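Some structures are shown below for you to check.
Below, chain A partners chain B and then partners chain C, in two separate complexes.
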Partner chain A sequence: MAILKCAGLSKRYGSVSALEGLDLAVEPGRIVGLLGPNGSGKTTLIKLANGLLRPSEGQVLIDGREPGVESKKLVSYLPERACLPEWMSVQGLLGFYGDFYGDFDRAAATEMLSRLEIDPKRRFKHLSKGNREKVQLILVMSRKAKLYLLDEPIGGVDPAARDFILSTIIRSYNPEAAVIISTHLIADVEKVLDDVVFISRGRLLLNASADDLREQRGKSVDEVFREVFRC
Partner chain B sequence: MLGKLLKHEIRATAHTMLPLYGLLLLVAALTNVALRTLNGKDVPAPLAILFTILIIVFGVGMMAVGLVTVFAMVQRFRKNLLRDEGYVMHTLPVSIHAHIWAKVLVATLWYALAAVVFVLSALLVAADADFVHDMANVFLELMKSLGNLQNTEILAELLGLMVLGSVYLSLMIYASLAVGHAFSSPKMLWSILTFLGLVFATSLAVYALNSLSGTILDGLIDAFYDGFAAMTAWRALCALTAGYLILFSGAYYGITVWFMRHRLNLE
Partner chain C sequence: MEWKLDGEGPIWAQMVENVKRGIVAGEFGPGERLPAVREMALEAGVNPNTAQRALTELERQGLVYAQRTAGRFVTEDAGTIERLRRELADGTVRAFLEDMRALGFTREEIEQLISDQEGGIDNGDT
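After this line comes the complex of A and B, so read on.
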């Protein structure tokens, strides 16, 4: 069964349509690139799957359930910007995640923090921007979730940090889980993707295996993206 | 999960509220020293100015402690559930009901503590050896009077109404914030307008309900002041007030839940 299923999913803000009749199924064990230019509906889709927004029409299901308390136990979500409570220490954040998520692996998180030489006693607000993003990613990837929804995980960080983030995703994720990475920085993530989904103006343009796409078009996913979304 | 939310909520608010209350008590103790030093004695001018400033600071602090507590609770709800931190909070496997109850219960706790700190700091300012002795006597008398069942009941009813009032105030503020933050901007302006709208609508509803109930309320108030069946009238007034507080709190709760579930806008 698909871990994420969208059927005729639409979201409108007044007269503006952010998603229009999207049909999509993501199977467990796949790393999916949710690719599209800014404003294409990537973040809206992720928010709908997290229950942060409600569909105008259609349905989004997580492991067969509508977003709610039960589905949130299965989803590990990385928002597009650091949103953790700033007054808390890193150690306090580990406790916070441990309290609310039964699948949180505190030892794994602590090990990753020590590898990055991030002092767990430091307050979140006293960390650099890069380290904040890393801490948030570590917390998200230290869960043994069934679905990881990562919204622009490499958006505002330097290339070295991007490598860390991608290697953390690959190393940490539960192989039976699905990972959806929303981004427009395709060259950086291409190597880790099993499938790619292109969306534009809220509509699904393409849903294919990354290898098949490269083989059929004789180009990298990044090149295909640039061709499809040429201004 | 409510227990875990409460634990984190208390921690999150305590790091602001406890130093604030501690500071007020410290200023109260220093004000006590200042007042006793200034009382009919010649003190150097700089010290007199310093002590006067201290007394003014204490006066402002006493007036502000309640307002600051309400403001801190407003900010906490807004920042934690309706702004960036909402991305983390609303994706926890916790229901919206648990989120709201955690906020209401912890706000009530701080309002109660603010009242205790207010009274303590007032006592601290006035304290000297005689005063402590007098207060101990007052306290003993109070305890004795509570031996009287009727007084204990009145006190319990008053405390119950205060708790309901605190829940009512919190939910009215949370409903206003939830509605105001559903708009794109300016969110706080919409929240304030919603709050004023709710105050107006509630006043109208209370007026309408009182009109519908005819002369019941007037009769109860007259009975209370006449002394005839005063206790029965008091009970009925308490029940009526509690009924109103529960009714309107329920309405604000419904508004808050609906807007957070259907119109959450964390942008």
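After this line comes the complex of A and C, so read on.
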């Protein structure tokens, strides 16, 4: 069964339509790129999937149920902006996450942190921007969730940090879980993706296997994206 | 091994091509164990499903065989490796000839250029 299912999903803010009649199903074991220009509805879709927003019309289901307290046990969410208590130490954040989420694997998180050579006693706000992003991703990926929603995980970090983030996603791969990565930096993520979903102005433009798309068009996903969204 | 995955076409097919070259170049010797799916995925920076598909395809082509628990190994059959070597060479030559014809070279000119170059390479290498 699809871990995420959207049917006729729409979200309007007053007269502005952010999502319009979106149909989408994501199966476990897939790494999906949610791709679109700025303002295309990527963040709105992710917020609807974790219950931070309510649909204006249509439905979004997580493992067959509407988002709510139960679905938060299944969904691990990396927001676009940091929302962790910044005064806490990295070590403190591990405890914080462990208290909130029963599926948090502290040993896995500690192991990933040690690879980064980040002192766990340092306060989160004293870390570099790149390291803050990495710590957040480690927290999110160290949960044994069914659905990972990563909103712009590689925006605003240097290429080395990007590589670390992508290899963390590959390393955490679990055939029972799906990963959705929203980004407009397609060239960087495309090798990691099973499927690509293009959205534009709140509508679904394309939903295909990344390799099928490359085969049919004889181009990289990045090139197809540039063609579809040419200004 | 160094993965080159920036060409056209599906990533899994590019991975197959990379491993084939590795086998012919002796980077993966006959009977040698290949990295496990996850390991290979991390090395190449690709999705594990993609690495899995590449390995399955190599198996289908008889270049790699699986042993139930121990992993996947490069074929030990010298004939198979020799055929693969020819196949890769044919592809390279075909692409080279297409390029040269597009530049307007005749067969004689191409042969002349090859022997000129070879002289240079031999002197340079030794």
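Operating definition for what follows: the second predicted complex is superposed on the first by the 230 of 231 C-alpha atoms of A that agree within 3 Å, B and C clash if a C-alpha of one lies under 4 Å from a C-alpha of the other, contacts with A are read in each partner's own complex, and residues count from 1 in each chain.
Please note the rule applied: a residue touches a chain if its C-beta (ideal position, glycine included) is under 8 Å from a C-beta of that chain, and two chains touch if they have at least 3 such contacts.
These numbers come from a predicted model, not from an experiment.
Engineer: Which of the two partners, first being chain B and second being chain C, lies in contact with A:87: first, second, both, or neither?
Structural biologist: So A:87 only meets chain B here.
Engineer: Contact-wise, after the overlay, does A:192 reach chain B, chain C, both or neither (first, second, both, neither)?
Structural biologist: second
Engineer: Identify the partner contact of A:218: answer first if only chain B is touched, second if only chain C is, both if each is, neither if none is.
Structural biologist: Only chain C is touched by A:218; chain B is not.
Engineer: Tell me the contact category for A:125 with respect to chain B and chain C: first, second, both or neither.
Structural biologist: Neither partner.
Engineer: Mind working out whether A:73 is in touch with chain B, chain C, both or neither, as first, second, both or neither?
Structural biologist: First partner only, chain B.
Engineer: On the A-aligned overlay, A:115 touches which partner chain: chain B = first, chain C = second, or both, or neither?
Structural biologist: Neither partner.
Engineer: So, does A:106 touch the first partner chain B, the second partner chain C, both, or neither?
Structural biologist: In the superposition, A:106 contacts neither chain B nor chain C.
Engineer: Should A:173 be classified as contacting the first partner (chain B), the second (chain C), both, or neither?
Structural biologist: second
Engineer: Counting contacts the way the document defines them, which residues of chain A are shared by the two interfaces, the one with chain B and the one with chain C?
Structural biologist: none
Engineer: Touching chain C in the complex: which residues of chain A?
Structural biologist: The touching residues are 29-31, 163, 166-167, 170-171, 173, 191-194, 210-212, 214-215, 218-220.
Engineer: Could you list, by residue number, the parts of chain B that touch chain A in their complex?
Structural biologist: 1, 4, 7-8, 11-12, 15, 80, 84-88, 90-95, 261-262, 264, 266
Engineer: In their complex, what parts of chain C are in touch with chain A?
Structural biologist: Within the complex, chain C touches chain A at residues 5, 8-13, 38, 41-42, 44-50, 53.
Engineer: What does chain A use to touch chain B in their complex?
Structural biologist: Per the touch definition, chain A meets chain B at residues 50-54, 69-70, 72-73, 75, 77, 79, 81, 83-85, 87-88, 92, 96, 99-101.
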